[in-house]
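Below you'll find a set of structures to go through.
Common to both upcoming complexes is chain A, partnered first by chain B, then by chain C.
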Partner chain A sequence: MSVIAPNFKLSEFIKSLLDNVFWIIFIVVLIGIPAIMMILFVIEMPVIDGELLTPFLALTWIADPSRILPIVKAFMATDIFRVMAFPGFGFAALLAAGTIFIERKMLAKLQLRVGPFYCGKFEGILQLMGDGLKLISKEIIIPAKADKPIFWAAPVLFVAAAAAFVAFIPVAPGWVVADVDMGLLGVFAVIGFFPIITILSAWSANSKFPFIGGIRALFQMVSFEIPLILSLLGVVMLTGSLNLSEIAASQSSFPWIVFLPVGAIVFFITMLAELERIPFDLPEAESEIVAGWLTELSGMMYGLVQLGTYLKLYAFAALFVVVFLGGWNGPMVVPPFPAEILEKGIELGPVTANIPGLPLFTQDMLNGTLWFVLKTVGVIFFILLPRGVFPRIRVDMLLSLGWTKLIGLAFVNIFIALGLLYAGVLGPGGLQ
Partner chain B sequence: MTFNLPPGLALQKVDERIMTLNVGPQHPGSGHMRIIVQIDGDYIVACDPDPGYVHRGEEKMAEYRNYITNIPHLERPVIHDSCNVLYPYVLGAEELLGIEVPERAKYVRVIASELNRCIYIMYWLAIYGIFLGHSTMFMWPAGDRELLIDLMEKMTGARVTHAHFVPGGVRNDLPPNFEDVCLRQVNYFEKRIKEYAAVFYDNPILISRTRDTGILSRQDAIRYGTTGSVLRASGVDYDLRVKEPYDVYDELDVHTNVMKEGDSYARSRIPWLDMMESCNIIRQALQKMPKSGSVRVKLKPNPKTKGLESVYKRVESGRGSLGCYIVSDAKTEPYRVKLSVPSFRNLIALPNLLKGEKLGNMPSVYWSLNYWPVEADR
Partner chain C sequence: MVGELAGNYSTVVLMFAFGIVAMAPALVISRMISPRKRSNPVKFLPMECGQVPSGEGRTHFMMQYYPYILMFVVFDVMAIFLYAWGSALLEIPKIATLPMMGFLAIMFGAMAFALYQSGRRRIW
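Right after this comes the complex of A and B.
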């Protein structure tokens, strides 16, 4: 039985926690501490700064900011921190979770509802956690005739591809996981993986509705990738670079949306289609093909695909911000780090703590992150809004929109960019 | 692989390109029925609707209950249109039992019937919205429906299955101050449904999606025997409230909404216009209703009919003309009750409308037929 708590009682839960704590202390006291003592007899401890490093000294250093801050800074400079925490997965997942909450509450306000309300005291803020727990506790059902290895791998690949997409996004000056010169090309390459993963998942389920949904997703993503790439070419021409950090840095005085509004509109529409959001959610059209290519996915496999979808949503919104809205550029609103702390230290009553290694983050980085997050949340709001306003469109309308209108508009955008370049409005001697 | 098929059966030969989809009965876009759809790519080549999953034997049950106890179960086929489903039965039973209904009761019936029509259409519209992927159009009608449901609750005491119409009038008189409350709620309701135009009916994506899909021509609409909004959307001016007025509809000014297109958009717009017309009728009825008087003729405990006779009455329900044929044989129970339901008539048009359409049009065409599966199976 995959039931997480048939008769859940808070008192018993706390009791079980206390039981665990008791047994941990018991085992540490009886086995752990004697073992450490025996090891300390054998090993010769190192001498650091003229002091013998004893376990007690090591513990006191954890509480000493002048010792711990350089370690934290060194850790923040590592790749693992960037991938896992700040510009990478953790930051993106946090924004994605916020997106889901905003989406639910905003749609509810639009539709005469209250939305999630009970879980987590304040306006159902923990609803997402509850949903996640539910998905984890559910049984994963695999269709009998499915191609099992591929069917298992597809959701994981989906999340992996979405996370790879997140890695290209520069959040603040110098804060990017993969600062490659061909960044935009890398983004296109990663986007190219999504239709393959989708059709793999749909085909391996060996079921009719996922198959139709997968074919629709394939049509949609492949036909909208062309206007997507073309709509970004104008910006590449004007900046002369494929590096996303350079593209963001080039918009210090004007964001490109001022000069290339047509490209921004085309990119926004193709973005909606790539994300399979209403009005382009044909691959998951409920009343026609149940849940499209997600029909046979269950439990945490479905949860992984949802996680990947929202990571992808964040990444596309961030790409829009970086390419068209100026990325981290914005007026300086974050106050500078107080100078007296750097010079004199913090006065704590009789003691004055002089902490080297401050500030942890530079002013530029904090300000850039703030503007980046504000702009991204704004773009995400506009991505979510059509869900409350539009019905779903049909496959033939979708394809004619992608292949004729959007590609035409993307070329118009390229000509505008070329015109601006040759007229000398932008480029050397121009505005930027 | 060889089969020894029983005599008289043969395996059906199916083209390799054709994929057969079972849409229903456990499918979010079907209701309590199944549509067997054969598709070639994205085009539907054949469609076979398969109702009957919720058959409950209402007609047979009616032969074992007397004229009064038949009321609560005969409204079950369409619980959110329960007054209109019961209306023809009550009219027929009154004729068989020879009862003259008081004037005030007739107006109360008209008000209840029109309110119920709006409640049904709102429910239908909510599902039409979600079938097209428009979740706001699912929530708004479902929420605004509450206005009228509250009115019905004040009037009858029940929110959904009212059992309000009885042979000889209605069960209870209106509560005090009902007229004012009703007028206020209905006015607000009308203002509210006019707002739907901005978000739904004038939405360019909706129009481009449902225009010119599933076109039912005027001749076909008459030939298949469709009724109600489907018939009126194909350009036939046919409304039983005007053509065969029952109770006091001949004293009220009823306007019939007709559209000529016959496509799925017209079929979805006609019920919306009907709701505004219902609001008009309710306002007229509230104005013309006698302010006091009896609303019910007292019947004997087990009323008997006079002899072997039959009666056929029909009314305009939320889905179209709904008929009830009652045969009596001088007993307390009817000999036979037959419901002639509009849902089944409208469903007959479905295979012909879906043939050659795209799969994406299936939900919008199917639900625009104003079809309620439970009523078709009764």
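Right after this comes the complex of A and C.
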């Protein structure tokens, strides 16, 4: 029987603990507190409920639980919260992680397998966490002749570019990281970064399989960028706006997929190609070129690329929902908040706490988020489904599909939109 | 739409930076806790399915993609012109669509010729 720590002495253990406590106090006093003071001196504190939030006031509010809520609300209105948590990175990463798990289970069911089963008590629900721990504890092997700085940077840049894509997606009315008037063009600009990052990673690996896979990925993404851009033009013509929030808000009575199904189909197919998913997974063709441009990536670098891929998948599905399926619009299903909570407060048994501003989110926002997530999950399901159904297609079929058929259909879609507009069915004087 | 500040896009840059700041520590932590054994030089050779790798990793590679690249350069710019027209379509008079149709007709002709040429592999 092996002993974990054969030379264990309680006195030395306590001494090491006290050592750590001493150094923590020492560093906090000498560096931490002056740093906090300097930061407080520089940043502007917000005004909450008519009072300027001084550090003293913040401390008293933290001591009083009923007054934390205004601080939380003020924090939720900042850009930092939006970038880190709700419409931004945290929300997208959560949905991306769910997508990975659902994909594995669903593919397994399609192929009469079980899928992840043992990790976690219920249906392998902790499999993703286990995979993450495995990836982070594996050795990162870099080929000896690789360009190391670019090779290290490429996975991180891939995740960051996917996150920048997520920034444009409006989740609920007013809940969007970057509410810009040229949102759709910004999306195209960010999509243009992915081929560059891919080819940089592939070239810097200095190996043959990544090189072939990277070139294939570059050509595929470049080929399908034009039908992707053209297929969304019909919606822009009917809406008269490039702002994604306005495009989503314009579909309050009907989604654009009702009038522009051709554009939606073209966009869906180009989406599959941009995401390198089956039947367009030539850059990662396992049976031909090992893993394509991911061949030399190992350990956490591979994990980061996977995370970036699924963030991108979420962002594309969300873009489809915003442009064609009506975004957050849907019938109100969230029950209205009871009036006594808004006015009086909550009763927890004998205690009645009067908490001002309790519902952190409005009813509209909860309802919008619910519909948005439902639609996005539906679109993600249809993106995942071909992987269990279709074989991979050849390169020349891919090129002829992208350059002749899809571009032609995208122009058909534009003429349909133009006809609807000039026949007076839609636009000013028409429906809506 | 006119006169939008570049500063409005700062949140996109912030999101990009947050992606880097949140994900780079994963690589650093992985480097810290994972084993690093430099015992075997074969381990650091490029992957070639178990064969001893031969030749350069970065070779000249004939893809015959030039016609498509040329078409991409033309059509990407054309698509952005179409967006400038399409987003203002509700405000301009209907007669202004005719020049755009002429433009599209010219582009269709050019594209048909380019696709025909791309089929003739010998010339590339």
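One rule holds in what follows: the second predicted complex is superposed on the first by the 363 of 432 C-alpha atoms of A that agree within 3 Å, B and C clash if a C-alpha of one lies under 4 Å from a C-alpha of the other, contacts with A are read in each partner's own complex, and residues count from 1 in each chain.
We take it that a contact is a pair of C-beta atoms (placed from the backbone, for glycine too) under 8 Å apart; a residue touches a chain by one contact, two chains touch by 3 or more.
The structure presented is a predicted model; accordingly, all values stated were derived computationally and were not measured.
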| request: In the overlay, work out which of chain B or chain C sits against more residues of chain A. | output: C
| Just chain B (first), just chain C (second), both, or neither: which does A:Arg113 touch? | first
| query | Is A:Met397 in contact with chain B, with chain C, with both, or with neither (first, second, both, neither)? | reply | first
| query | Where does A:Gly186 make contact in the superposed view: on chain B (first), on chain C (second), on both, or on neither? | reply | second
| request: Using the touch definition from the top, say if A:Val290 reaches chain B (first), chain C (second), both or neither. | output: both
| With the two structures laid over each other on chain A, which partner does A:Ile212 touch: chain B (first), chain C (second), both, or neither? | both
| message | Applying the document's definition of touch, where does A:Leu69 land relative to chain B and chain C: first, second, both, or neither? | response | neither
| remark: chain A contact set shared between chain B and chain C covers 208-209, 212, 290
| Can you list the chain B residues touching chain A in their complex? | 19, 21, 27-29, 42, 129-140, 143-144, 199-200, 203, 205-206, 208-209, 358-363
| Residues of chain A touching chain B in their complex? | 107, 110-113, 208-209, 212, 278-279, 281-282, 285-290, 387-397
| request: Over in the complex, which chain C residues touch chain A? Could you list them? | output: 1, 4, 8-9, 11-20, 22-24, 26-27, 29-31, 33-37, 41, 43-49, 53, 57-59, 61, 63, 65, 68-69, 71-72, 75-76, 79-80, 82-83, 86-91, 94, 97, 104, 108, 111, 115, 118
| remark: Contacts from chain A onto chain C in the complex sit at residues 79, 82-84, 88-89, 135-145, 152, 155-157, 159-164, 166-168, 177-182, 184-186, 190, 203, 205-209, 211-212, 215, 219, 222-223, 225-226, 229-230, 233, 236-237, 240-242, 290, 295-296, 299-301, 303-304, 307, 399, 403-404, 407, 411, 414, 418, 421-422, 427-428
